[in-house]
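The same chain A turns up in both complexes below, where it pairs with chain B and then with chain C.
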Partner chain A sequence: MEHAVREEQGNLIVSFQGDVDLEHSPKAREVLLGCVAKGQDVFVDLSEVSYIDSSGVASLVEAFQASKQKGTRFVLVAVNAAALRVLELARLDKVFTIHETLVEGIRGGT
Partner chain B sequence: MPEFRSKRVLQLRFPARAAELKRIREAVRESVEGCGCSAKSTADIVLAIDEACQNIIRHAYRRESDNVIELEIEHRGDGLVFSLLDHAPTIDPSQVKPRDLDDLRPGGLGTHFIRRVMDEVDFMRPVSGHGNLLRMVRRID
Partner chain C sequence: MTEAQTPQPVIEVNNLVTHYGDRQILKDVSLTIQQGEIMVIMGGSGSGKSTLLRHLMALENATSGSIKLLGHELSELSQMDLYTLCRKIGVSFQSGALFSSMTVGENIILPLREHTNLDRTTMNIMARLKLEVVDLAGFENLMPSELSGGMVKRAALARAIIMDPALLFCDEPSAGLDPVVSSALDELILRLRSAMRMTIVVVTHELDSAFKIADRITVLDGGEILTIGTVDEVRNSSNERIQNLLNRRFEAEEVDPDEYLARLMGQT
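And then the complex of A and B:
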């Protein structure tokens, strides 16, 4: 798994590439919680994620809950079909705010 | 009862380590695709097997180790039979339950994924009398 974080218009954009699995989800969790802790809105680009398991999903849920406590936005963008299927299996596709593109995500509401 | 010919399509022994799981997923993907599963079903099955292996690492062996996990896939008639064997202390199957999805919290999704994907999930007593044997069946669509 690779990741990158950049700042755009005061928002933090986190993108992951590769497998967000049991081996790599601790790093994903650290990155996501670190971004949320900064108090900015966080947009997570999942377009290049080839695989995500329950541990990766758990990292997203934990960061999502942390953002709620902070009162900031935590938005998933460009979620590819493989990752979306896993979110659907967990019935989290209706819990997370998901936008098709980063532009839509930043422009969108909650 | 029709008699189905059974064919073993995969047999693996590997240490209970997270770093092993990527190659296990690849092996499962190749085997399941070779049995005629659709791309979507294959992805679901790969997830379920991965989660079952994770449960062994995290809950049966309680941590990563060189303890062995054995995986076997058999193609029987219109279905696939997955057997996962560990040598950990016997667990209580009634404690392995999917959590309520309305209770939003980070963990506990793995067992839910397994039960959503597989048509049958059973804990069985291994022939050796020790360890845990998880048998899962998925019909081929």
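And then the complex of A and C:
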């Protein structure tokens, strides 16, 4: 798994590439919680994620909860079909804010 | 994993022969199971289906033949390599096999504690996610003894999938359950395959369940494979022994009174 963080219009854009699995999810968790801790809105780009397991999903859940406590936005964007199926399995597609593109995510509501 | 991946063999069994003492249990069994496939293994009591499953779980030593799981020849693996391989395999036992002294949540989280160094919060969320998936949300603090039979099966399934295994073995997942609960478990197995792209091997004697979930069915009788085929191929088979199974007469085999008595007296 690789990741990148950049800032756009005061938002933090986190993108992951590759497998977010048992081996790599601790790093993903660290990156996500670190971004949320900065108090900015966070947009997580999952378009290049080839596989995400439930440890990766758990990291997303934890970061999402942390953002709610901070009163900031935590939005998933460009979720590919494989990742979406994993989220849907636990009905998390009803929990997360998900947008098809980053532009829509930044423009959209909570 | 990519969307357009070509299915790869996840399980390759070649000419497997096994004995318990002098008794031959499996007779030259060969089968291949592809990635993402749901293979149902059927047969009556004593057909060898549970023995085959135990071999696939690396719990038995074969007399001859070979088994390759996820590309690894089992007989060539060191204990450490086998341990590593087992992290990619989930098992839902017929009895549930939950630890009675632990809560449901503790049972489910156990493989994560044994095999990973994940943060405790991550492990807890993963366990609750799996409870959501098997429709047991909110039951994590109950003891296994407080669960119904169907709930035990679902909790066992949650534990089996806690590590998101590439390969899932389910031993009689529907046995002893009422039709509604059984059907819900079937749906769950189908959803797991669809969402997680798991390869799933189900041992069952429940015909309805087998026909609902199977991509292919392996029919065992007397330790040998009668056929491996799609649901339609098995249904339409002209093989009398297979038709006996489909007509639920598999368990009611002819009894030779003399032979039976001799068996009881230990004379065979």
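Assume the second predicted complex is superposed on the first by the 110 of 110 C-alpha atoms of A that agree within 3 Å, B and C clash if a C-alpha of one lies under 4 Å from a C-alpha of the other, contacts with A are read in each partner's own complex, and residues count from 1 in each chain.
Everything below uses one rule, namely that a contact is a pair of C-beta atoms (placed from the backbone, for glycine too) under 8 Å apart; a residue touches a chain by one contact, two chains touch by 3 or more.
Everything numeric in this text was worked out from a predicted model, so none of it was measured.
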| item | value |
| --- | --- |
| Clash or fit (per the criteria above) of chain B with chain C on chain A | clash |
| Partner chain in contact with A:Val95 - chain B first, chain C second, else both or neither | first |
| Partner chain in contact with A:Ser50 - chain B first, chain C second, else both or neither | second |
| Touching partner for A:Thr72 - first (chain B), second (chain C), both, neither | neither |
| Touched partner set for A:Asn11, first chain B, second chain C, both or neither | neither |
| Overlap of chain C and chain B interfaces on chain A (superposed complexes) | 19, 21-22, 51, 53-55, 57-59, 61-62, 82, 85-86, 89-91 |
| Residues on chain C engaged by chain A in the complex (per definition of touch) | 1-3, 116-119, 121-123, 125-126, 129-130, 132-133, 162-164, 191-192, 194-197 |
| Interfacial residue positions of chain B with respect to chain A in the complex | 18-19, 21-22, 25, 40, 43-44, 47, 50-51, 54, 57, 101, 104-110, 112-113, 116-117 |
| Of chain A, residues touching chain B in the complex | 19, 21-23, 51, 53-55, 57-59, 61-62, 65, 82, 85-86, 89-91, 95 |
| Interfacial residue positions of chain A with respect to chain C in the complex | 19, 21-22, 25-26, 29, 50-51, 53-55, 57-59, 61-62, 81-82, 85-86, 88-92 |
